[in-house]
Every structure is written in structure tokens, then in C-alpha cells.
Amino acid sequence: MEHKFINQINPGETIEHIYLVKDPILRSTSRGDLYIAMFLCDKTGQLNGRIWQASESMYNEIPKPGFVQIKGRSEIYQNNLQIVVNNITAADSKKINIEDFLAHTDKNVDTMWQEIKRIIGGIKNKQLKAIIDAFLADEKLMKRFCVCPGGMSMHHDCIGGLLEHTWNMLRVASAILPLYPDVQGDLVLAGIFIHDMGKTEELTYDTAFSYTDSGQLIGHITKTIMMLHKKAEALAAKGVTIDENILDSLGHIILSHHGKYEFGSPKLPATAEAFMVCYIDDLDAKMNQVTRLIEEDRGDSNWTCWQKPLETKLYRKRIE
Amino acid sequence: MEHKFINQINPGETIEHIYLVKDPILRSTSRGDLYIAMFLCDKTGQLNGRIWQASESMYNEIPKPGFVQIKGRSEIYQNNLQIVVNNITAADSKKINIEDFLAHTDKNVDTMWQEIKRIIGGIKNKQLKAIIDAFLADEKLMKRFCVCPGGMSMHHDCIGGLLEHTWNMLRVASAILPLYPDVQGDLVLAGIFIHDMGKTEELTYDTAFSYTDSGQLIGHITKTIMMLHKKAEALAAKGVTIDENILDSLGHIILSHHGKYEFGSPKLPATAEAFMVCYIDDLDAKMNQVTRLIEEDRGDSNWTCWQKPLETKLYRKRIE
Amino acid sequence: MEHKFINQINPGETIEHIYLVKDPILRSTSRGDLYIAMFLCDKTGQLNGRIWQASESMYNEIPKPGFVQIKGRSEIYQNNLQIVVNNITAADSKKINIEDFLAHTDKNVDTMWQEIKRIIGGIKNKQLKAIIDAFLADEKLMKRFCVCPGGMSMHHDCIGGLLEHTWNMLRVASAILPLYPDVQGDLVLAGIFIHDMGKTEELTYDTAFSYTDSGQLIGHITKTIMMLHKKAEALAAKGVTIDENILDSLGHIILSHHGKYEFGSPKLPATAEAFMVCYIDDLDAKMNQVTRLIEEDRGDSNWTCWQKPLETKLYRKRIE
Amino acid sequence: MEHKFINQINPGETIEHIYLVKDPILRSTSRGDLYIAMFLCDKTGQLNGRIWQASESMYNEIPKPGFVQIKGRSEIYQNNLQIVVNNITAADSKKINIEDFLAHTDKNVDTMWQEIKRIIGGIKNKQLKAIIDAFLADEKLMKRFCVCPGGMSMHHDCIGGLLEHTWNMLRVASAILPLYPDVQGDLVLAGIFIHDMGKTEELTYDTAFSYTDSGQLIGHITKTIMMLHKKAEALAAKGVTIDENILDSLGHIILSHHGKYEFGSPKLPATAEAFMVCYIDDLDAKMNQVTRLIEEDRGDSNWTCWQKPLETKLYRKRIE
Amino acid sequence: MEHKFINQINPGETIEHIYLVKDPILRSTSRGDLYIAMFLCDKTGQLNGRIWQASESMYNEIPKPGFVQIKGRSEIYQNNLQIVVNNITAADSKKINIEDFLAHTDKNVDTMWQEIKRIIGGIKNKQLKAIIDAFLADEKLMKRFCVCPGGMSMHHDCIGGLLEHTWNMLRVASAILPLYPDVQGDLVLAGIFIHDMGKTEELTYDTAFSYTDSGQLIGHITKTIMMLHKKAEALAAKGVTIDENILDSLGHIILSHHGKYEFGSPKLPATAEAFMVCYIDDLDAKMNQVTRLIEEDRGDSNWTCWQKPLETKLYRKRIE
Amino acid sequence: MEHKFINQINPGETIEHIYLVKDPILRSTSRGDLYIAMFLCDKTGQLNGRIWQASESMYNEIPKPGFVQIKGRSEIYQNNLQIVVNNITAADSKKINIEDFLAHTDKNVDTMWQEIKRIIGGIKNKQLKAIIDAFLADEKLMKRFCVCPGGMSMHHDCIGGLLEHTWNMLRVASAILPLYPDVQGDLVLAGIFIHDMGKTEELTYDTAFSYTDSGQLIGHITKTIMMLHKKAEALAAKGVTIDENILDSLGHIILSHHGKYEFGSPKLPATAEAFMVCYIDDLDAKMNQVTRLIEEDRGDSNWTCWQKPLETKLYRKRIE
């Protein structure tokens, strides 16, 4: 049966679908009756859920966090829509369609992946090529790279978001590198391909997007440069030595690509290539963020609501 | 006779050339003899000049500032090269080659100008087209636009620098606009073409680059938006009305293209187009600045000297 | 019938008055019954309004936003006062007293306007006088100038607020100019009179205070300097030329009067007159803001609540 | 004999005058001959002084720092004017005119002092009056108050500068207080009179302006509030109790009058009176600073040189 | 009877205990019936309290703020626990155990006090010793010093918190002074003992922690240095003169111990001793704050919730 | 023969010693004669050196940079001491005493090294112990660790400086850990031992202190965490697995020990242990810096000259 999305539920409907349950809690009313409060979620939003006449064993069976199959009914309570649940069980994992719960890039993953490989396939420097090939040969990592979100909330925060962001940055770089002949294109392309690879270890995205413990303690910038060095060591073990100059020029792009100390870069850009990657990253992120904020704002005025990270509202009336 | 550039003068040479004179001053030695101290300059640098046994009338004849024909000889004095001048006269203006004194873009001005016209010729929105055409029809302004420097010192600080910067920004925009289909390309291209037009009134570049009084009091951002509105009023007088929405969307790009209040923008970017112009402007400026700083640094280490505006040295060892 | 102010309504009263309606929305209860939720407002505050047993046609008749004549009753619901509306119609515009809805300066507008004209009447410089007279002769603009608020929220945010602020700044300038004989008083007075004139285009104040689209995209500082230049061009067309030095000195006061880049000034003060206008503007704004915050704070302690823009509470115990 | 000011000495003059000597040092030439290097100063500047064929006893007789009577001759050496001294003795203190060495306010001290007393004489609050009278009765302090500079370099850095600054602030306050009827004028006037009193202990100005050790360790803001409390305690000992509310409201003006933490205020303004004193202080300081920078700049362009503390050049062309 | 702590009340319990009442307010329902809303608090939290069928005289008898003896019952209302009160009277002050209402250091006050006296008893410099002894002899002050909180919320915000913080800082100083032999230990120890003494006047802690009016207007740093000077004056009156150098070195530690202007220090550290006190203060405060935030966070993840003042979550998984 | 230190050379002395030569340059006088200009340096300072009547082959023989044996004579030229060199040869490397050229910790390296091993020998956690032992077993690294400077200029900028700083931090930690029982001492001690280990790769110190290319591109923080992970991988290869929790808690201390993003930390402290290491690092660095600045300042006033990084002068008068 097709999923019923949270943002499409009206009052008075019968609900028999799978949702992600969050923060279930067992409470008692003033008369001593037990009930369960929780949130029922999918990628479009969340609603309060209530189970009246609950029991402790019922509570214990709810996966925390996890997916549940419910039977219930939508109601308005004190002006808010909620779902009164009559029956709840852990969902059959075969019936869960993860894409109902996690937003997904609207681009075709395989197409993007092929175009990425085509663009970085053009790298001529042998050592950089060796490094790139070592990454491409790491199937487990590449698989994660193709699904990982690009971030938690600011931009490209969807399954495949990291891939989409990297893909578009590579396309921008390909388009403008001919206009800057002094810039070493191979370094720029290799730098873009690898620059956020550590996000595959910083973020989890099994049932919802969140940071790993290790991700929060170490951060994706440091994780990325450690990945790079492991690949270089593995190559060295096979007799392919990477010059320190090349390894450090590439590493420097990773370490400086946030552009400012206050954005968590431990180094400021000090090469033309590092500056270019930093600008392309910021441009592509901001274009994605601005476009999405304009699309998603629900009002119908010419302006979106106030966007704190941009310190402005956004104007969305088009000129035609 | 060919000009002898300042940075090519060795000790012990006879000098009979034209230089720009700066800060001439009449002084007396402890024995009461008068002498003149001054700087002799061209686009490659400056040297101290001295006229011993000077007189007040000799001093009065020196244009301040201006070009002088000198006869003299280069000497080392206290470890510094200087020019002892025996004869000085105001230079014959026909013999002055202004390009010896002001750095000039190394790109072909006409080629850039034709490509600019080709790119903005692709604008389809009729009102934006009318505005652009009004600028193109202002021959006096376009002539200044083709020679004006892009700035005083940071980037594109040469004759034709504003043209080169605008040209390259338009090329970057043309290259990446297809990758951002939601962004209104006509607005971006028109915005780039006009964005720094006020620099033609902010800067003078007759004998050297400097700010006009009006430029310092008002600034090129405000001057640019006033130019835009004058063009719109002139069009209105001819019966071509520009919608407020279009005029303000274009004006907003001008007002916000420095991206931050602390860089003198009175508005922060609030449209996708304003963000894109702001990023392209910054990217192209920084690429020019970084490339030039690397080229011009005289040391022979892998690093340039400390670059205060970038808060770092620049690494210039290439990977091949 | 006299207006019943929102902040004077008690539970259990019959309400038959005109209010400004905001954000009306048609919803259905869990039983499928339609109802309308909205805010009912005047200058003293707002209350929730509810229409039970509503219909779509009833909803369509409500002006959005606009003034409505209601019949209803005030009730406490979940500890909050709300108005249950039985009947709602668009209000007869003749019966609307706009001053019930928009706060108004408590000073006499005409008196202030006469005093402004008297003070700037003392300007002796002929060119500045010509500019001032051109503004005074623009009746439509002067009419707006006399009603426009001084801002959205921080200070002088009331009908006539811009006039009051300008008036008081002129009075302060008149009082202290004799103490600073080197400062050119004519420039200061003309600068103050014009400095915020663009707010008449930045703000709307028909039913409530808000920004125009153009105001948000361009800002009142840029709008003001464009007004000034239009007046100068109109004078030039009549043969009255304004020296660039005078026009730019006056324009510079406008562009720098916020004093800092981060407050949206594209120029920092660079003349004694610009510094003086900037300080008087800030002083008068802050005095108005502080006085009003102290007056309006509802608590009865010696301190107001925390004032975020001032980073402090305010102490209001007086010494006598 | 009249003093010969440093900035009026030409090469080749015989010099027999008194100067302030700074940093005298005994050195030997490569041939082993001893000589003394030092600076000779007055309020208009300083020059290098040299004594050739010096001896250790000659060196020991020079006061460090102090005033010396010299005989010598001005010379140009390596393009710089210097004084070759043939004879040097400690100056007869009766012959020293301290005003040749320390810049002095160009206003009449007694007139300002009388006007200050007149203005603060208008304070009606009895407790504030008692505090003011306690300060006025402290003759030793008032004497220092009348000569102390207003600062080291930014503004009012001259003998009598603190008095002039306080006097002008009181005049500004008197002029504008009637325009702000909610502001408690007695507090403002008392606050201004006392606000910088601690500078009399922070600065020394016997032979040149400098900070005392105690001034640098403690600062004038803290010293001022301690003075205030000592006066209050002395009054209490005589049976005149000052209410805590009054003492703290006055103290708060002192502690917050720099307006921002980064300017060394340990408190931000939290009363209308504190805001007003803070603005008047800043306005008067800036007017003095700007006027003086414009006057003293030696160039003849329309702009002064770059003023680092103001982050701009200053434009000084007047409109008439 | 033992106190029933707020955070231990379950629905459906009979409550007959003493609580601190906050913000009581008399309201009427839509039917015109009066009721009283209030908060009932102790050191573990607060709950809504309601008295239905209230009267104005009942309301008047409630101390504001103060302690009340209530009879009532806990209920869930709209998912929140509240207390319905049937009977309320001002509490018998003998039955109030203040420690139920104000958090208290979990260290032994007397032990800490003895150890503080032991450590500062080791000060050898006679003048510093005289100052310390003057503080120790001020019994009233020392009594307050032993109960005063260390702050309002950030760290050591409990009865005895100031003592605990000072005690631990002295222990840290004692432990590390031997490692820094150039640092004058006597100054460090005396500085620590006195550094926050003014908090005894800045804070009140009778029924809850809050700032005094004087505390907010003047601040504890200024109050502390004024205390120090009063002690020095009292000693001087007895013939014990404190050298200016010593008094100012000690005063400087007080004035600079927040380390930065933006934290309210009017002076930056300028002696080795001031730097050491500043670091020890910050270290001990942060250790207390971090430890407590980790302990008190109620979640069961490896991370606490976001800590705004630290700009991070805290990780609390231990390594064993 | 004993070295003659630069800061002990007087005019007129014969010089036959070894110096480090910097920036040698071959120039010609105005008469066409060749001469060599250079700096002659040791750890106490540098002087100008001149070789008159030089030749190109003479110039080519000078190591750049490197040590030279010179014969010459000290002279005063234009008030500056310089060395006129008659003979110059590359120095015999056996005769070079590197400690004449690079400042050296005044503590005993071996004693410190033994104490470090003793302190970290107390670590009980087996996994941390394994990591520490892996570092200790890396003889080449430990050798570098014992000579590496602690920084370029701010603090501990001497041979053995890194060791001294680490040693003292471990002593401070040992002294205060008992006072903070909740803090995991093993993590703190291990974190301190490793925290700056990457400086051994960031800095070179063969003839003078400078950054390596790799050091500037990557930075010591990233280099340190990569070292840590290599050790952990090597242990894993031997079957000793380090828990991710432990590795990341230790890594987090490294990444956050500068405490703020603007100091190059890519992570802010998020554990009690990371806060403690960060504070101890800063405290020890500042104590070293302040003590040294006070010692080395040459003036004889109570204050050092202005210390830009500390934004203050330092007061050095002691209390006894």
C-alpha cells in the first residue's frame, strides 16, 4: 500500500501505515491510567501520536528509534492535528521504503556518478590519477559517497546530496577552468572530488540524518585528510610514491576549503587552487540553499520569512 | 627614443628620458645651497632624484604632478640608487607614451569589448535589453569603461582592468548559468555588465591612479545605481517604462555585490541572482589577485612574502 | 461609536467594533465542521478571533488584510482571552479611524512642521537653500514626510515619527552649532532635513507599518541620495547649478549617517558635518528608544526586562 | 630671551635656548671617541642632538629627563636637520616657560572654570549638590583639574584639555536638556562634571604627557568612581548621607561613559542619563579630534592623510 | 515533616508542604469567577499552581515573593502537571528550611574556610598580610563570603559557591606556584582571596538568587576594588601604610581578572600575577560548569544538549 | 676558540669567528666596483657585513644560507655597527657549535625527559598506555621531540622548547588533577604528551627556526592527529585494537587544544579533558611568554614596551 505522507493527512482519516517513531514516552494521567506519547514522522514532517489505555509491555515493544506499523485515526485536539493510535507493532523491514522517510536528491544518482567519473577521468597528472583511482576502487566508500547527505540542514541535506554537490562543483570547475589558465586544473578537480569525503563518516543516515560520535569529536575535514593519507600510504605500500608537494597541495585544499577559521578550516587558502575550490564550494552551496529556501517557503508574499544564516529575507518575485 | 624603465636602470648610466615627477621639494643644505629632491617614476617603480645647485625658478618650472624630460646620471648613494639630474624641463606632451606610466591590461581591449557585447547581446528580457542598450549607446561612458582600472591596488589595477574584470565575469557567468536553471540569467548578465560602472567616476587615471573627490565622498556603488536610474529615467522620457520590480532587482544586485556590510555594501544579497553576481565578482577578483601576487613576488622561495589582505603567504610551487 | 481598544477588553463583553484582521484561515474540526481562525488587531495589540460554523463564502468576504466590522463576545479559552465572532463584514471605510490602528506621534504635527521650516529657513548658502526649497516645493513628498514613521520598531515607530525625529534633530543641531564654530551649520541643517527622506518610499503605513518591496531591495539611504540628485537635476534643468563639492558634501552626510558599515552605511563619516549629523541622529534615536522602553515596560521592578538591542536591562528608578 | 621653537629652526642657525632632553645616550665612535646622542624637544616637535668629543661627566650632568640650556648650531646631516651641541647645562628652572613645552588649550581657563561653576551651580537635587560641592571644595584636586590634559593623543591632549572638554560637554548638555524633558538634568550635569576626574591621577604632565604607573594599572574610570565614593564617605562622616540610589546612578554614569566594553567601560549604559553623557562625551571628543586633524594636516590637497582611528581620510574643502 | 521536592511530585498526590511562590496573579474566568495562578518552586524546579474559587483577600495574603504553606493535590492538566491548591497561608518562618529552596555547595563550608585561612596564612609580605587580615577581621563580610553564590547561573551558582570557587582556586594556585618561580606567589594568593569579594554586594540570595540594584549598576569588579581601598584606608588610619605599588598591583589583578574587555574587565592583565589569576579563575569556573552540565543533562545519549555559552554539545562517554 | 657573540661586539675589534650568513647579495658601487652585503648572525642578534673589492667567485663560495668563518673588523658606519670582512670561507662543520646560533632551553633536557616518562608512566588505561608506548618506542621521533622548538616566536622558541613546554604542562596537570576528581587524568596526561607532537614536522631548526613547506600547508594540529592514527593503525596491525571512543576522545583533545576557531582549532573543546588541556596549554605558554618579555625588555622603566599580541605593556616592578 502506498505511504500516506504526514503533510497530507487531514482530520478524521483512518491511518494504517508505517512511520518513524521518535521519543516515545510512557506516562500516567491524573487518574492513574497509562498512556504513550510519541512523534510519528516521515520526510515531510511529524505529528503527535497518542495511545490511550497503554501498558508497559506495549511500550517496550516500540523500537526506539525505529519504524512502526500503526492503526489509528487522525483528530484535531486543541487545534492541533494528532493521531490516536489503536494498534502499534514494529514494522516489517521489507515493507519499509526508506525514501519515504529520508529526502532524496531529485537528480539521477547513476547519471551524476557517471559524469563525475568522466570529469575526473580527465585528470592527467599521474600521481593525482593514482590517488583518485584508489578512491574509486574503494567500493564500500564509493557506495556510501553516493548516498551520503551533503549536510545536516543548510544545503544538499538529502540522500545523495553529497554526490549532487560534488557533481555540480565538478561541472562548475570544468566550465570555468579554461578561463583561468594559470590554475592547475588537475589539482582543482581532484580536490573537489575528495574535499568532503569524510562526511561519509561524520554523518549517519539510516533512519534520519544525524552526526556520529566520531563525526562530532573529529569533524569531516580531519576525517577527509586522514582518508587521503591512508590512500597514499596504501599506494606507497604498492610502490607508488606520491610526492610530498602533491600530497600536501591536495591536503591543503581539503584543510582550507571552508575559507575561514571561524567556519572550522584549520588553514586559510594559500594556493590559487585552494581559493578556487573554496569559492566553488561556497557558490554551489549557497545557490542550492537559496533556491530551496525560496521554493519551500510557504507564504505567498514576494518575500520569504527571515533567513537567519543569511541575515535577510529572500525576494522571490521573478522578472517575467 | 625608447623609454628606459625605472626597474632597468643600473648605476653609472646616462639618463635622458621622460619620467613622471612626484613630490618635488626645494630645500637648502647646511651651507645654504638650494637643492631639489623629488621622485622620478614610471609604471615599474620610482627612484629618488636630486638636482644640486638648484634655483627657485628651476623649481617653479617643474609640473606638479606631471611629466618631465630629464638629463642626468644614475648613482649609488648610501647603498641606494638615485638619479642626479643636471637638466629638467616639462616634457613635450607629444612624446609622452602614457602606457609607459600606467600599467595596461595584457588582454586585447577590442576583443574583450566585442565579446562583452556578444554575451550581453543574448539578453532576451526586453526591458533589461533596453537598459543595456542605453548604456551601450552612451559612447562617452563606454569609452571610459574600456580604459578605467578595476581598482586602486587589490586586483585589475591597470588601464582596461575594469573591462577585463567585467569581461571575465561575463564569461564565467555564461559558463555556469546552464548549471543553475532556476537563476534568471538575463538579470545576472545585465547585473555584471553594470555592477562597477560607477568606477569610471570614482577613479582618475590620467597620470596615475587615484580617487576623485566625488569618488571618495560618494563611492562607486552609489554612483553606479544613480547611473542606472538616470538611464531608466531617460528611457521613461522616451516612453519606455521599466517595471519597478526589474529596476529594483537589477539595482539590488549593484547594492549588494560586495556581499557584506563591512565591504561597503549597503544591502546584503537577497536574490539568487545577487548571490551569484557577488560570488563571481569575488572569485574573479581573487583569482586575479592571487595569480598576480605569485607572479610579482621577487623572492625565489616556494612561498611569497606575507600577504596581509589574505592573512597568509602564498605557495607557488607547481605540481609538475 | 467609540473604538474599544484591544488592551481594554475583559472576558464576557459584547464586542461590536471595527478591527484590523490578520492571517484569516479556514479550517475544519475533526468532525468536519468548518471554522475560521484569525487575529483581530488595533494599535494596542491583538487577540485570537474564531468563527465557528463558518462557510467558504464567509471566508471569501473577509478582506486580507483589511478592516472588519464584527459582532461577537470575548471569552477565556485555555487561559487566553479570545473573541468568538458571530458576524463579520468588511468595514465601512468612512467609519474607520486610522489612528485607532496606527500609533501616532504625541506631538503636534503642524507645530513641528512650522518649526522645521523656521530652522531650515535660516540656511544662508544659496545652493543649499535652492535644494531645500526644491524639497519643500514637492508637496506630495512633504505630505508623506509629515506622516511617515521613523522606523519599523526601534524608535519613532509611529505616524509622524519621521517628522518628530527630524524636528528634534534640527532643534539639537540649532542648540549646539554655536558651540562648534568650525562646523558648517548650513550643511548640518540641510543634511538633517534630508537625511531620512527616502523612508517615505521604504515604508508603507496604510493599515500597518511594513517595508515596500523596493524599500527592502534598495534601502532608504540609497533612495534618499537618489531623491537629492533628482532635485539637483531638476534645478540644473532650470539653470540653477549645484556645485559638485556641495552636492557631494551633502550626499556624503546621507551616505554616512549610520556611522558604521555594519549599520548599512556605504561610507564612513569623513567631514566634521557628517560626524555631527551621525551623532545627533544616534543620540535622538537612543533617547527616544530608552525613554519609550522605560515607559512601556509593564513590570513594577526598578528594572525593565532585558533589552536585546541594548544588551542590558534599563534602570528606571528616578533620583527624587 | 624668547624661545626658538623646534619647528622654526632652519639649517645654519646658532641655537642658545632651553629644550627638553629625551633619551640621552653616551656612545663611542669606531675610533673610540665618545659622543652623546639625544633628542631635543619642545611642544612643536623634536630634533636629533649630538655632542661630539663628549665625556662621561658631561653625560652625567644631563638631567634625564629634564630641561637643558644648550649652545649649538643647526645642520643638515644626511638630509635631516640636527643640532650639534657645544655646551649643555641643566636649565635654570626660573627660565623655563612650561608652556613652550606642553601644548595649552587656546581657551581661557578662568572663563571656562567660571562657566562650569555657573552651570553645575544650577543643580537642584540636594544630595548631588552636596557631592559637587565636596569636589569643588577640594582645592588641590580642582587645581589639577584645571591643568590636566584630556588625553594622551586622541583629543584635548593639551594643558587644560580636561577642563575644556568638561566645559564644552556641560554647555552641550545645557543646550539640549530642555529638548529631553524625561531625562534627569541634575544627574547628567553632575555626571559630566565628575566623569573624567580620575584622569588627574592617571596622567602626569610635568615635562611631557605620560601615564602614571597607577594610572596604567588601575585606569581613570576606576579612579574616578573611587574619588566619588571617598567624597560620599567624607560627607557621611559629616552626617550628610547620600542615598544608594543616587550614588549608584551617578557612579553608573562614570562606569559606562565609554559606551562599550571594548573601550574599557566595565558597564554598558542602562539609564537615559548614562546614554546622554556617553553620547555627549563621544560627540565632543570627535568634534575636537576631527577639527584638529583637519587643521594640523600639512598637505594642501582637499583630503588629509589617512586617519587610522577613524578608518578614513578627512575631506576639508568647505562649501563656500 | 520532610519537604516534598518539586521534581519528585507525581500526579494524584496530596501536597501539604512549603514552597516559594512566584508571580501570583488574580484572574477571572469567562463566567466571572476569580482564580489565582502562580508558580510553586523549590531548588529542584517549579510547577503551575491554581486556586479556583479565589477571592481578593485570599490573594492579598500571599507574600510576594515569599514562602507559603499549601494544601492541595497534583493533577495532569493538558499534559502538564500542576497543583490545585485548596488552602494557602504564609509559611511559618521557623518551619522554612532555606536549603530546600536554594542549592547549596556539596562541600563542607567549614573545612573549606579553614583551608582557605591556612593557605592565605602562608603569605609572607607584611603589607599584603595586613590587607588580608583586615578582610578576615571583617566578620560580617566573611560571613557573607561563606554563603554567597559564585554567580547567577554559569558556575558555582549555589549557596557557598563563592567560597568553593575561591577555595579551589587557592588550591590550584598552591599546587602550581612552585612550577613558576618567577611569579610572586603572595600577590597571586592575596589576589585570588579578594578577587570576587564584591559579589557579596552584587548578589542577593535570601529566597532566590538575583542581582541587587547596586550590583547591576556598579558590578562586582568595581565593588571589590572599592572594598580593597576601604580596607587600605582603614589600615592607613591606624598607621599601616600600604605602598602604592602593592595596592595597585593587587587592584590590577581584580580589575583584569576577567581577562578581556568584552567580559567586563576595565583593564587587561599586565603582570604575570594577573595573568595567572585570570587563567586559574577561568579554568576553575569552566571545570565546574562543564562537570555540572554533563551531570545535570537529562538525556541518555553520549552528548548533552547544545550548550550555547560553550558553542558546542558536551560529550560525556567515559573511556572506561 | 670561543665564539664572540654578536651582542658583545664593540667598535674597533678584530673578528675571527664563525657566523651564520643571511641574504648575501652581490652589488656594484657607482664606480662599478663589486661589493657583497650580507647579515652575520648568531642567536643573540645580527649585524650588517660588507666585503669591499669583492668578486663573483667569492660570492659564489658563500653558502646560502649557511655558516661562514670570517676575518674582519667591526666599525661604526652612519651610527650603526657593521663588520667589514676581509676574508670569508665556508665554516668547517666540526667547528660549528649549533648552540651558539640557536637559543636553547635553560633546563636540563635529560632531566625533563625522565620526568615526562615518569609522569606518563602513571597512565593506567591499557589502550592509552599502548598508544603512549608506541610513541615512546619511535626513537627517531622522540629524538626530534627532545630538540624541537615550541614555536617560532611567541613562547618556548628555543631548542628543547617543545620538550620544556610539554614537561611543564604535565607537571601542572599532575598538580591539579587531584583537585578535579571527575576529570579523567589518563586522557589529560596522554593528550598533553601528544598534543603538539606534529610540530616536529611543522618546524625546521637546522640553522635557524622556520616552517617546512608541509608545515605551512598542513599545520601541526593536523599532522599530530595523523601521527596518532598511524600509531593506532600500527597497533591494530599487531592485534592491539584501540576503541574508537578512546581514539576519538584523545584525537579531540588534539584538534581542540587551541580553544577557538580563530586560533586554528578545527573543533571547540567538548569534553572536560579537552577543556583542561586547552587551559593548561594556554596558561603555560602565557607564563613563559610574559616572563620572557619582562626579562628581555631592555628599557629600565617599570614598564616594558608595548606588547602587540597582549594589547598592553607589561608592568615589572616587583612588590618587594
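Letters are used for the chains, namely A, B, C, D, E and F, taken in the order the chains are written, and counting of residues starts over at 1 for each.
Convention: contacts are C-beta pairs under 8 Å (C-beta built on N, C-alpha and C of every residue); 3 or more make two chains touch, one makes a residue touch a chain.
Predicted, not measured: the structure shown is a model, and the values here were computed from it.
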item: Chains in simultaneous contact with subunit B and subunit F; value: A, D
item: Candidate from B-F, C-D or A-B with the same interface as B-D, over half of contact pairs in common; value: B-F
item: Of C-D and C-E, pair with higher C-beta contact tally; value: C-D
item: Distance from the mean Cα position of subunit E to that of subunit D, given in whole angstrom; value: 43
item: For subunit A paired with subunit D, centre-to-centre distance based on mean C-alpha positions, whole Å; value: 61
item: Overlap residues in subunit D, where contacts from two or more other chains coincide; value: 78, 213, 216-217, 245, 249, 252, 270, 313, 315, 317
item: Chain pairs in mutual contact under the definition given at the outset; value: A-B, A-C, A-E, A-F, B-C, B-D, B-F, C-D, C-E, D-E, D-F, E-F
item: Subunit B contact footprint on subunit A (complex, rising order); value: 125, 127-128, 168, 171-172, 175-176, 179-180, 182-184, 186-187, 243, 245-246, 249, 252, 268-272, 275-276, 279-280, 282-283, 286-287, 290-291, 294, 310-320
item: Subunit C to subunit B touching residues, read off their complex; value: 213-214, 216-219, 221-222, 225-226, 229, 244-245, 248-249, 251-252, 255, 261-267, 270
item: Subunit E contact footprint on subunit C (complex, rising order); value: 10-12, 74-79, 302-303, 313, 315, 317
item: Of subunit A, residues touching subunit E in the complex; value: 27-32, 37, 78, 213, 216-217
